[in-house]
Every structure is written in structure tokens, then in C-alpha cells.
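Structures given as C-alpha cells follow.
One chain, subunit A, appears in both complexes that follow, with subunit B as partner in the first and subunit C in the second.
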Partner chain A sequence: MRETEVLVVGGGPAGMVAAIEAAERGAKVVLTERDDRLGGQLIKQTHKFFGSQKQYAGSRGIDISKLLEEKLSNNPNIEILTETTVLGIYEDGVVTMEGANKHLKLKPKRTILATGASEKFLPFANNDLPGIYGAGAVQTLMNVYGVTPGQRVLMVGAGNIGLIVSYQLMQSGVEVAAIIDAAPKIGGYLVHASKIRRAGVPIFTSHTILNAYGQEFVEGAIVASLDDKWQPILGTEKDLAVDVICLAVGLSPLTELCWQAGCEMKYIPEFGGYVPRKNEFLETTVPGVYVCGDAGGVEEASAAMVEGRVAGISVAASLGFGLNIVQDLEAALKDLDQLRSGPAGEKILKGLEKLFARGKQHVS
Partner chain B sequence: MDKEIFVCRCEDITLTQIKELISQGHRTIDEIKRVSRAGMGPCQGRTCRMLIAQELAKAYGVNVEEVLMPSFRPPVKPIKLGLLAGGE
Partner chain C sequence: MLAKTGIPTVEQVCQVSPSQERLAAGPVAVIECFQEIPCNPCWEACAKGAILGMDDMNNIPQLDLDKCNGCGTCALKCPGLAIFIIDSSYSSTEAVVRLPYEFYPLPEVDEEVIGLNRAGEKLGKFKVIKVQKGGKQNKTALIWIAVPHELAMELRNIRIERVVNVG
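Here is the complex of A and B:
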């Protein structure tokens, strides 16, 4: 059976950086990605990043992805397997995968799970009509393939993804009829929200979608106000004629492999669902299995990249590689703290507090 | 017009069906999966798992994290048997 020092599962922002950091310190790395190209969500992020300069603020996601890809392909310690899906992790640490129409086995010394997240779905009447998309699908259509999803969109969710995708739809000439959110407050950055509002798009908070309607595809949606117990208020229904309903209602960490590996899991609503317990160096309760990026708790791409750095350095250190491990780790952890120090980081810090609630006894 | 609320898109299982199964006494995601196939399609429950957990939590008056999670086994996605036959 093939062996390697480090396996990184997932070639998004977290996985790419983790692979680079481990390989630059001398570890042999295999990086798998189920898509036919690396980049994960970065390739559809055509907007400029916020945050600090070190985390590529001011750059567009797609350009950051290209930069990381270059670093990866220039490193002889890294083998990149695209169109390769990891299928399972077994008790003895063996990982199985499907790639190039073959079933492969690999025995890594360390495994970094950077599998990202999947979009949440919403139960409402007629939610199977064609024309109902996840925000990720809309971004893929528009920003990767240059295809608009329709003419008039109802955006469900006023978090950053909902706001940014709404703005991108407007930039592509698609009308956004309204943005609704069940929460009483806009979840995303106000700078995005005000830009959209200035363009005349209403944002209805404390609103939900009751049903979609249409014969063969979406022709409209009925939305209504919610009371303070999140129940729809009779008589507040609005009928919006739209041909697209875009769901931006949050993400769930993709953790099947963590469960399979036997990681202790904890339900943290702030992180989008179940996540593996981990120490601050991102090792899970299964020795040698690490997690970084959205798979360990939904956050955003800048944090995913710094987590990738932490995981990559930790893994290299645990294998005996690296010269300035302590300084490098401290610097990365400091950057992570800094990213989470603003108001947007409050939720993440609350989630981390819950995750570490029973202490850090798993620090190895 | 018929108004169906789908919970499991892969296997076409509706909220009505899920609620019906819960009222029959099914208490876990795995039990509901075994009798209805909810969560056994291409996405392997990524979409419906937590929606079903929410319904169970509501019905039994518990928090979502108290709902027993299903077992997770390889493979994480459906694969052809030929792949296994031809592989290592």
C-alpha cells in the first residue's frame, strides 16, 4: 500500500495552505481534491477580500487561489490529486479514495481534513421547483461559467454570502426583488448591505419564505413577517414574482470523515453544526488527525487559510520537521486571534469557548 | 396546486412523511432512514440529516444535539461496485 507522511483532504483555501506549510518544512504531502481544479470556494470569489494584508486583503479570491496553486505546483514535496474523492478513513488510519476511475488506498502518517462545508437547505412548500438554488450554485454559474441563473431573484439570507451574491447578481444585470432574513438583524457586513439598499433592493428582516409557486419552474414566492417566536404573522404575506429563489441560509461543516475516523464530535450552532473537538493546534481527539477550515467550524476564507497554516505547521512539527516551529505557530495563532478580534469574530469566539468548554485536555 | 415540502431531495421524502414516521414512534435519524430511505441518496444525508434532527427535536421536546446521530460509514458517496472490484 502507498504511504505518505501527510495527506491533506480538500484543496480549498485551508487545505492548500496546510499542504504548502507542511511541504515547505520538508514533509511529503499528498493533496486530494474532488473537483477537477484546486481552489475550493476561492475560485468563485470574484470580490476583494477584507481583513488584514497578510491574509491577502484587497485581493480577489480567484487570484489568491492562483497564487497558492503556483506555490503548490512549484513544491516537489507535494503531489496533487484532483478529481479524487476520499471515500473513507478506517481505524488503522488507512484512507480510501476514488480517483481516475480507480479505488486507491493510502496510509498517511498524518491526515489533515480540510473538507469544507455544504449549504443548508430550507423546508418550505414547493421547495423542489426548478429555479431554487443554493447561493454556492449561483456563484458557480455566474462567476465560474458566466451564466446568469434567471431574471429576477429572491435572496433568502442576509448574511455575507447572501449580500455578496445579491450584489454580484445585480452586477450581472439580474434583478434582485428582495433579500429576506428570518433574523431580526442583518447578519452580514453593513457596508455590503447599504450598497445593496442604495441600489433600491429592499432587505426584509424577520421574514421567511412560506412557499414557492409555479407550474414547471419557479414563478414566484410568498414571504411573510415573523413574530418574536419566529412564527409567520397572518396577513403580512407578500407575493414576489421571481424566477429564481436563492438560498443563502448558512453552511454545515462537512464532517463525515471526522465521524468515520472516530473523532469526538460536538454540536456547536455557532459553527454550523457538529464539529470535531480539537486542541488549539487543530489536532482532533484522534491522534494524527487534524482539521482546518470550515470542516472544523464554518468561518470564512481568511480564517481558513490561517487555520491551514496552523495545521500545516503542527503536522510538520509532529513529524520532526521545521526549524522555527514555536515562533511560526505563535505568529499564526496570533494572526488567527487578530482575524477574530472584530465584531464579526464574536460568534466564532463563542463557538470556540463551547468547543473548549471541557478544557484542553486533548492537547498532545 | 399541491404544496409539498421536501426534506430529502435525493429520495423525494416530504416533511409530511417524516412527521408521520415520527408520530408512528420512530425516534432516531437512523430509524427514519431505514424505513424511508431518507438520507440514502447521492448526497448521503448532507441536506436532510439535520432537518430530520430538527423535526425529531421538536416532536420529542429536546435540543437538536440530543438527537442521536446516525452512523457514518465509508464510502461517503455512492460509487460503482466495479470500482471496488477493480481497485486495490
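Here is the complex of A and C:
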């Protein structure tokens, strides 16, 4: 049986940083990624990141990904397995995976789950017509493969993803007919909303999509205003001629491996669904199994990277590696606190409060 | 209202507008950032120490109008593209608005482009006087647009409309 000190599942922002932090302290790390390249969602992020310099603020996601990839490939302690999907975590600690058409077995001393999140969908009439995409798919088409999804788009969702993807569509020369959101207020950063609005795209809050229509593919959408009980108001229907409907209505943590590992799970609406209970060092209730990034609760990529730092330092510490572990860990936890301390982080703090409801645990 | 439409209110714009005297004195930054979010590249970028109040990165940046010389580094760096440089000393009839721009193709110097306000409404046609590229890494450009003085606090975006000769 092959053994390693640390297994990191998922090569997105959280997993990449976790692998680097653990390996830089001396741990032998195997990093698996089911895609054919590392970077996760970072490789589609053409906008400049918020946060501070420590979280690569001002850099574009795509450049951050390159930077992290360089650090990974320069570190002899890290083995990267792309196109490798982790299939199972067993009671005896064995992790099985499929890669290069082979079934692999690995026994890590510590496992960091950084599996990310998946997009939520929205029920409405004809939502199975071709031309209806998740925002992630639109980004993959445009920013990874250089293909625009259509001519004129209705964006559903005015959170950061909806706003950012709208902007990227416009940069690609695609018209955005409107951005709608059921909530009475724009959920994403208002600076994103302002830059889209001043390019002429209307944002309709308290609006929903009633149905899509079209013969072979999307030819339009009917949207309507919502009252304060989130019910459509009769007579407010608008007909938008669009050939693409893009859904950016939230994310759910990808937690299959957490469930399988036997982690105690808790439903936290603020985090997008079920997430594993964890202590502040990101260890779950299964000793040796850690979680970081969106898999532990949906948040911004900047926070995912700092969580990766926390998880990477924590596993290194638990294996006896590192010199200034306490200092490093405190610094990372402080950065995380700072990111979440403003009004934009309120939701996350509320989620954490619910998650820690039974009191904080500590790494032994 | 900003949180419903994405358009800052007149009051919000007034709050960040420099005085007429300061505007007349030369280039100055106008920071149209009205929401507390965890973000501080403007503060990290300013060599003059003119951006204040960022000991907590969630704070809204405050500008020391006397220290700011309108160099534009913050405007190039701001991830939200929320900073504009206004130079009302450009001429007796015109001011220059330098705005962050991330669309290709970039406009050309002397090209007439359509000016838009914060709601994306057309204000007319205006001349590009300079295209300041943001560099290989940053990529955001600052486009310098000459506008009548009364539009210096109105014009916030441009649209390029070129006649394409087919055939």
C-alpha cells in the first residue's frame, strides 16, 4: 500500500494553498485534481481580486492560479495527480481514486478535503431548453475555451458570481439584456454592480424568472416583479428576447467525501447546505480529516486561500513539522478574521456561530 | 438607490466630490466606493499616503485631498474600478476625466467616443486625449477623456462605436 503524509483532495485555490503550506514545512504531500489542470475556478477568473496583498488582491484569478502552480511544481515534497478523481475514504484510512484509467489506493496520515462547491439550479417552466447555463459553464466556455455562449443573455442572480460573469460576457462582446435577482437588494459587491450599470445594463432586484420559451432553444424569458413575500405580482411581466439564460443562484458545498468519511454534518443555510463540523484549525470530527475552502462552507476565493493556509499549517503541525507553527497559525487565523470582520462577512460569521454551536473543539 | 440599481445616489456622489477649489487646483482622485468590503489595494498602492482609514481593510477609504496629486495609481489598482481621476485644470472650458477601462479594443488618442453617466446613459461624444495602459500584469487601462467642466463629475464610462466597412 502506498503511503503519504498528507493527501489534499482538490486543486482549486484552497487545496493548492493547503498543499504548499504543508509541503513548505516538510510534509510529503499528494495533491489530486479531477480536472486535467490545476486552478479550480481561479482559471476562469479574469477580474482583479479583492482583499489585501496577502490574498493576492489586485491580481486576476488566472494569474494567481499560475503563481500557485509555480510554487507547487517547484516543491519537491509535492506530487500532483491531475485527472484523478477520489472515489472513497474507508474506515481504515485508505483512500481510493481513479486516475489514468487505473484504480489507485493511498494511505495518507492526514487528508485535507478541498473539493469546492457545485452550482444550484432554479425551477421554472422550460428550464431544460438548450441555452440555459450555470454561470460556471458560461465562464468555462468563454474563459477556458474561448467560446461565447450566445448573443444576448439574461443573468439570473446579482451576487458576485452573477455580476462578475455579466461583466465577463460584456467584455467578450455578448450583450447582457438584464440582471435580475429575487432579493430586494444586490447581493454582490456594489462596485461590481456600478461598473455594469454604467455600461448600460439594468439590474432588477425583487424580480424572478417565470418561464423560458423557445422551440428548439431559448428564444426569450418572462420575468416579473416580486412582492415583499417573494410572490410574483400579476401584470408586471416583462418579455426579454434572449438566447441565453445564465443562472448564478448560489453554490452548495461538495461534501460527498465528508459524508463518506463519517464526518458529523450540519445544515448551515449561510454556507449553502450541509457542511462538516470542524474546529477552528479546520479539522473535522474525524481525526486527521480536514476541510477547507467552499467544501466547508461557500465563501469568497480569498477566504478559501486563507483557509488553505490554516489547514496546511494545521496538518503540518499535527505531524510535527514546522518551526514557528503557533505564530504562523495565529497570523493565518487573524487574516481570516479580518476578511470576515466587516458587513460583507456577517453571513459567514453567523454560519460559523451555528457550526460551532456546541462549543469550540481543539486539536489534541 | 445604489443597493437596488447599482447607481450611486446624488448624496453619495456629493460626499466624495472634491471642492471646486480643489478640483481647480489640479488632478485629484474621486473614490466612488460606498460599501464596506474586505479590500485595500488602493491604500497599499498610494505612494503619497493619501488614502486613510484603512487600518481595517473593511473600512471605506477616505482621501486626504491635500496629499493626493491625482497620479492615478489607485485608479489602476482598484479591483472594483471605482476610482476616477478628475483634472479640472486642463483648460478653461474642459476638464479631463481619467476612467478605468477593461474592454478591447482600447480607444485611440483623438478618437471620439460616446460618454456615459453612472446609469449608462449617453452624455454625448467626447475626445480621448490619452490612453494610459495599466501594464502586462494589471491590464486595466486609464482612458483620459476631455469633457466640459459641468460633466466632470457625471461622465464615468465610454462606449466605442466604430463604423465597420464591410466588403
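Just a few scattered comments:
Please note the rule applied: the second predicted complex is superposed on the first by the 360 of 364 C-alpha atoms of A that agree within 3 Å, B and C clash if a C-alpha of one lies under 4 Å from a C-alpha of the other, contacts with A are read in each partner's own complex, and residues count from 1 in each chain.
The rule we apply is simple: contacts are C-beta pairs under 8 Å (C-beta built on N, C-alpha and C of every residue); 3 or more make two chains touch, one makes a residue touch a chain.
Bear in mind the structure is a predicted one, so any value in this text is a computation, not a measurement.
In the superposition on chain A, contact is made by A:211 with subunit B only, not with subunit C. By the document's definition of touching, of the two partners only subunit B reaches A:96; subunit C does not. In the superposition on chain A, no contact is made by A:327 with either subunit B or subunit C. Contacts of A:118 after superposition on the shared chain: subunit B is touched, whereas subunit C is not. Of the two partner chains placed by superposition, only subunit B is touched by A:252; subunit C is not. By the touch criterion defined above, A:184 reaches subunit C but does not reach subunit B. Interface residues of subunit B, counted against subunit A in their complex, comprise 1, 3-7, 9, 12, 15, 43-44, 46-48, 50-51, 64-65, 69, 72-77, 79, 83-84, 86-88.
The touching residues of subunit C, counted against subunit A in their complex, run 2-8, 32-41, 44-45, 56-59, 77-82, 102-104, 116-121, 137-140, 156-157, 159. Listing the residues of subunit A that touch subunit B in their complex gives 1, 85-90, 96, 98, 101-105, 118, 120-121, 123-128, 211, 213, 252, 254, 256-257, 259-260, 265, 267, 273-274.
If you check the complex, the residues on subunit A that touch subunit C are 47-53, 57-60, 63, 170-171, 184-186, 189-203, 205, 302, 338-345.
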